[in-house]
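Both of the next two complexes hold chain A, though its partner changes from chain B to chain C.
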Partner chain A sequence: MSIVTVQLGQCGNQIGFEVFDALFSDSHCPQGLCSKRENEAYRASCKERFFSEEENGVPIARAVLVDMEPKVINQTLSKAAHSGRWKYGQHSCFCQKQGSGNNWAYGYSVHGPRHEESIMNLIQKEVEKCDSLNGFFIIMSMAGGTGSGLGAFVTQNLQDQYSNSLKMNQIIWPYGTGEVIVQNYNSILTLSHLYRSSDALLVHENDAVHKICAKLMNIKQISFRDINQVLAHQLGSVFQPTYSGEGSFHYRRNPLGDLMENLVPHPEFKMLGVRNIPQMSENSLAYSTFTWAGLLKHLRQMLISNAKMEEGIDWQVRPPLSGLPTRGKMSLNKESHFNTSIANLVILRGKDVHSAELGAFKDPALYTSWLEPVHAFSVWKTQRAFSKYEKSAALVSNSQFLVKPLDTIVGKAWNMFASKAYIHQYTKFGIEEEDFLDSFTLLEQVIASYCNLGF
Partner chain B sequence: MTQSVVIQVGQCGNQIGCCFWDLALREHAAVNQKAIYDEAISSFFRNVDTRVVGDGGSISKGKICSLKARAVLIDMEEGVVNEILQGPLRDVFDSKQLITDISGSGNNWAVGHKVFGSLYQEQILEKLRKSAEHCDCLQCFFIIHSMGGGTGSGLGTFLLKVLEDEFPEVYRFVASIYPSGEDDVITSPYNSMLAMKELNEHADCVLPIDNQSLFDIISKIDLMVNSGKLGTAIKPKSLVTSSAGAFKKRQEKPFDAMNNIVANLLLNLTSSARFEGSLNMDLNEISMNLVPFPQLHYLVSSLTPLYTLADVNIPSRRLDQMFSDAFSKDHQLIRADPKHSLYLACALMVRGNVQISDLRRNIERLKPALRFVSWNQEGWKTSLCSVPPVGHSHSLLALANNTCVKPTFIELRERFTRLYRKRAHLHHYLQIEGMEESCFTEALSSLSALIQEYNQLDATKSMPAEELPRLSVAV
Partner chain C sequence: MGRRRRRRRVDPADAARALPEAIAALSQTLPAGPSPETFRRAKFDRPEAAPALWRLLFRVLSPQLADGASASFSPEAQVRSVKLALRTQGYPRRALAQLPDDGSQGGRELLLALAWLLARGPLPERLLTQNRVQLGDEMPVCECEALASPGPPAPSVEADGCVDIRHLQWLMGKLRFRWRNLMASQQEQCALLGKIHSYTRGCHSDRSLGHLSVTETELLRDPEGGRQLLRRLERENARLQAALEWRRRELVFWRWMVGGRGPQWSAARTALREAVGQDLAALRQACERGGGCSLAQPHGPHRLVRTEAGAPGGPGLRAPEVIEALRSQEARLEVVLRQLQGQCRQELARLVGAPPGPVWILPPGR
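Then we have the complex of A and B:
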């Protein structure tokens, strides 16, 4: 089954390119650590999922590129064509002349309705190229105007028009110290709207990825390209083909469905985070070896201590002892805190993957009380190695990972809202103070729900 | 890609405008080696086949034939415009996009605004409509003028109302040269005060600049270049050189060096909209991010580095110095000290080989020394454009919405009051039809209200940030 990606705004398009590039490179990587037949099946599965065929053999990404000004799309198209290995469809772009000005209201209320038909037509054309549609990726940032506002509008449309297909939004969480001054407003408006129309929000934090580039990849002068490539690696490690079950030799046909079935049991809890291990520069890779036991131990501690990467993990954080009275509501002020999960999915790829032991992830202490660990935890194991890593593990988690960042953004937006600063820029385009209040209410609800998982 | 139209009004406006177009051509020539008319160049220039008579000559793609600036030149005396039309840039200007008169405004805002305003209103509208028609997607008008004289000040601000009525969707950015303390035009406080009211009410964004600051910056550059500290082996390139390589002789034309700084300001402001980068910033984002309340739309600007050595591999220490300088009071284009006042918002527009980590490192480093208003503690807007300015490997333009602009306004009010108390020279204004004393008192109260807004914000500077109670929800 195929996934259609909608790339929105500068961020969405820049990242989208790196994602397709990473997927392509990995699927054509000769060092799969498996049989040739296996490798070919992997490549075919990846191709069916993310690329369609062209007459002269160059695969075309199953993507629709949308931006309200032309510079980034032009760059993205030429970068892809330049590589000669894959490209974007010639007519898969929608572009306008003037951007959204970092204004969520402009993206949502002006650009959205104005270009609804053209954009949905493009998506429809891309969907028709698929033999069967698994669902949609929507890649967007929260901080700007197009990705955030138009992204929210498009997601709503997708829900109306393709109500049987799944939608996962890849959301880029901006740096804490501003890329955009009104980023907190744009973020809360985006999140509240997506919560109503998306099936799952997979969040990527710029600050976290930046640290990975600095500490793990050892990059001195980090560019957005570096950040986007790490992000693409994380996504690839989740969405490249995986076997459909223990002992199966067929690749999973419904990755989005399976993922959401495992991770999003309740519509109140849609915020997913992803962690990846190991992560290092290519130079270091040649000299490193890992054991599954070591990797999984680190990954588990990353989960329960909410570490963003495998360095600097707080090993003091421990799950509460079972049998003791309830641990209570999560305090947002405490530094180290035990991260309670609703559900987790671990994806293992590489050598001896079947020997990996995951009992520690099934510990009921990790999970909130209303799901049995047998339902709360799943693992997907695949022999074929990912992107030259002999062994790699990814964790997709529906847990309290994002409570603190969400709380911070809501706090800052609320603070600014109280002074009414910048509100005139939004009311100019039809987003009123009530819309802001609705968003605040919804998100406070989400924060409270996640905080109470400990009960 | 969008287009912008530059409207240069008065002697000062046109002289600066001339420097701007010269620099813009050089910048695009340096980037666009194949002389193809691309979208970047179309933001400020039309491509015209000059053999075609009349209006049909516009070419939208392909090789550059003849570039015409998207400009309207307005002056009520002919001297400056004539000089431009006889100078090296004569072919860049469309001879139909001029409005001139002979007599001048006599340093009288009322003559510029009321007399010439009504006289030339139709013509102005016609030229503006023409230039808008030539644009695929017109985003912004840039108005360049001085506040102290008659034409730039009076007619320049008359234009704002016309633009607001005729093109309400198009942004109005104004680069205003404020008179310095030692201004020799006696009535400049009147002119500036009357112009301020118009800027308050009809401009989207104002970049105040004053001559004294520009002069101080030039002096600093001269000092560095001539001090011999840079050594003989290194060729200095600075903000004031319009020709890459050749250092203009200082006495060639008065104000040339200073005008180049303003020209650089406008080019850097629009660079991220014209050229590619990893984090673009369009012109409509400037207003969105830097204007939290409609009346507070005055942005203090600073450009760094002022000069750069020919050495292209800049170690990061020098790069960091560029960021530090942007916040020093010596680099601001008006007399202001942003570090010791309150920030409402700050934008950093970087050009050249600078990456996000450099930007973040410097923001973290400089943040503790700066005071931001309580509701915008992380009020930073950033952009990264890959194309550096001509002759530099990187540059930074900082735009600050900061209460440090207040002293300029207070001083203006004081100088105005000194004159107005005595009713000195007032008759020159009141004898113009449409002018009454109420014009002056209204302008004064408009400025006072603005100053009061800044006072109120400053008062919050020393107060601790309030922890506002959040919405509580039942779970």
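Then we have the complex of A and C:
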């Protein structure tokens, strides 16, 4: 089954390119550490999911590129075509001549309806090329103007037009010290709209990925390209093919559906975070060997201590002792607290993957009281190694990962809203104070629900 | 002078062989059929016979499970499943329900249960039909068979004390996703079947079919697969032969089961047959009333054949007919769904203690 990706705005298009490139490179990696036949099955599965075929054989990404200005799209198209290995479809882009100056309301209320037909037609064409549609990825920033407002509009349209298909938004969480004054307004509007029309929100935090580049990859001058490549690596380690079950050697046909069924069936809990291990520069990779026990121990501690990467993990954080009441309502001020999960998905790739011991992830103390580990924890495996890492593990988690960042953003937005600063930019284009209040209410509810997981 | 009717002399050796041969025939048609000796031991309630009979009943009562799948059920789970299935079908004897769950006892009761199932209807034939080797790509055109036979009993979870509503919401959401995933899988299967059918046009020796099915395509691609298919067909043939043998000899089995109470037994059996017949007729009526088939053609699965637009098709159902029947059934079910939702709304209002007003029930999928 195939996934159609909608790349929105500068952010979405730049990241989208890196994602397709990472997927393609990995699927053609000769060092798969498995038999030729296995490698071919892996490649075919990845290809069917993310690329379509053309007569002369260069795979075409199943993607629609949307932006209100042509510069980034043109760059993206030419980078892909230049590589000679894969490309974007000739007629898969929609762009306008002028930008829209970071205005969420303009993106949602003006660009959206104005260009609705053209954009949805492009998506329809891409869908028709699929033998069967698994669902959509929508890659967008949360806080920029065009990408986020238009992204919210497009996601709503996808909900209306393809109500049975699955939708996952890949959301780029802005830097805490971002440049856009109204980024918090944009963020809350985006999140509240997406919460209503999307199935899952997979959040990528710029701050976290930036740290990974600095500390783990040892990159001195971190560019957006570096950030996007780390992000793409994370996504690839989740969505590249995995076996459909314990003991099976057929590749899973519906990863999006399986993931959603296991992680986001509850309508109030849709926010997902991703962690992966190991993550390092290629130079260091050659000199490193890992055991599954070591990798999983670190990954588990990253989960419960809410660490963003494998360095600087707080090993003091421990799950509450079973039988004792959990500590009182989760305090948002405490730095070190235990991260309660609702559900977790661990994805293992590489050598001896069947020998990896996952008992520690099935500890009931990790999870909220109303869901048992047998329902809350799932694991995907393949012995085909990912992207030159002999062993690698990824974790997609529905947990309290994002409560603190979300609460921070809502708090800042509320403070601005209290003085009605910059509201006219929104009301000018049809986003009323009511809409802001609705967004605050929804997000406060989400925060409260996640906080109450400790009970 | 009338001709003296000579009673045919039955060779005692033949008579002795007749029972084991009848049981062997029965056993061969059933999945996981035990040996005649096991049956004999069961009749004497010998404990070593019980596990085999539990396994047999499990396979017989959940025929939709693939051969390997029953291994994933523990013996206790199989025992509980059998008890539940028999209860669902209206099996009257409580002694069976009281047998221990570890499957160590009860051969005689189980044999009786098997006889009850055999007496109710053409069990071996039904099992053979359900598990037959399919050469074509088949799809059901109505739900009648599925509605008439209950599926495998699901393990029931006892809710002791309070249930967290978040858990229920989680489960509901999971069900919805599974439904969507199922829909997507079905659409994928249809798309791929369409491709295979159109690519293999002209390859089939039977002109009225015109194209190959998946099984037939695999036959050509993979000789080993062809050999396996042949072996499956041979095994199926053997089971069909056994079924015929069983029908010829089953009287011997029934006499053995009831120990010679011939006239009483046949009277009882006739009464049972009538009762069951009435039940089935009532079920069929209910099925048709409740929106079952309005199709003129026979029910059950049909082989999918793709034809060119405008070309005269062969015998069987046309797609527009089936679509029409399904649409009207869908409309009927929508009405029932709305009624049930209304009932739920009223029940909720009653529980809340308020006069019925707007209650927001989100439509599925949102």
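We take it that the second predicted complex is superposed on the first by the 454 of 455 C-alpha atoms of A that agree within 3 Å, B and C clash if a C-alpha of one lies under 4 Å from a C-alpha of the other, contacts with A are read in each partner's own complex, and residues count from 1 in each chain.
Heads up, the rule we're going with is that contacts are C-beta pairs under 8 Å (C-beta built on N, C-alpha and C of every residue); 3 or more make two chains touch, one makes a residue touch a chain.
Remember, predicted model here, so these are calculated numbers, not experimental data.
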Room on chain A for both chain B and chain C (clash or fit): fit
Angle, in degrees and to the nearest 10, that opens at chain A between the C-alpha centres of chain B and chain C: 150
Touching partner for A:188 - first (chain B), second (chain C), both, neither: neither
Touched partner set for A:265, first chain B, second chain C, both or neither: second
Touching partner for A:216 - first (chain B), second (chain C), both, neither: neither
Which of chain B and chain C A:166 touches, first, second, both or neither: second
More chain A residues in contact - chain B or chain C: B
Which of chain B and chain C A:371 touches, first, second, both or neither: second
Which superposed partner A:230 touches (first chain B, second chain C, both, neither): neither
Chain B versus chain C as contact partner of A:444, first or second or both or neither: first
First (chain B), second (chain C), both or neither touched by A:253: second
Three-chain overlay, closest Cα atoms of chain B and chain C, distance in Å: 12
Contact residues common to both interfaces of chain A (with chain B and with chain C): none
Chain B-touching residues of chain A, taken from the complex the two chains share: 10, 14, 69-72, 75, 97-99, 101-103, 145, 175-182, 210, 213-214, 219-225, 227, 410-412, 414-416, 418-422, 424-425, 440-441, 444-445, 448-449, 452
Residues of chain A touching chain C in the complex: 1, 131-134, 159, 163-166, 253-254, 257-258, 260-261, 264-268, 369-371, 375
Touching residues on chain C, where the partner in the complex is chain A: 164, 166-167, 169-174, 176-178, 180-181, 183-185, 187-188, 191-192, 195, 365-366
Complex contacts: residues of chain B adjacent to chain A: 1-2, 39, 136-137, 139, 275-276, 278-280, 282, 284-285, 287-294, 316, 344-345, 355-358, 360, 363-364, 367, 374-382, 384, 468, 470-473, 475
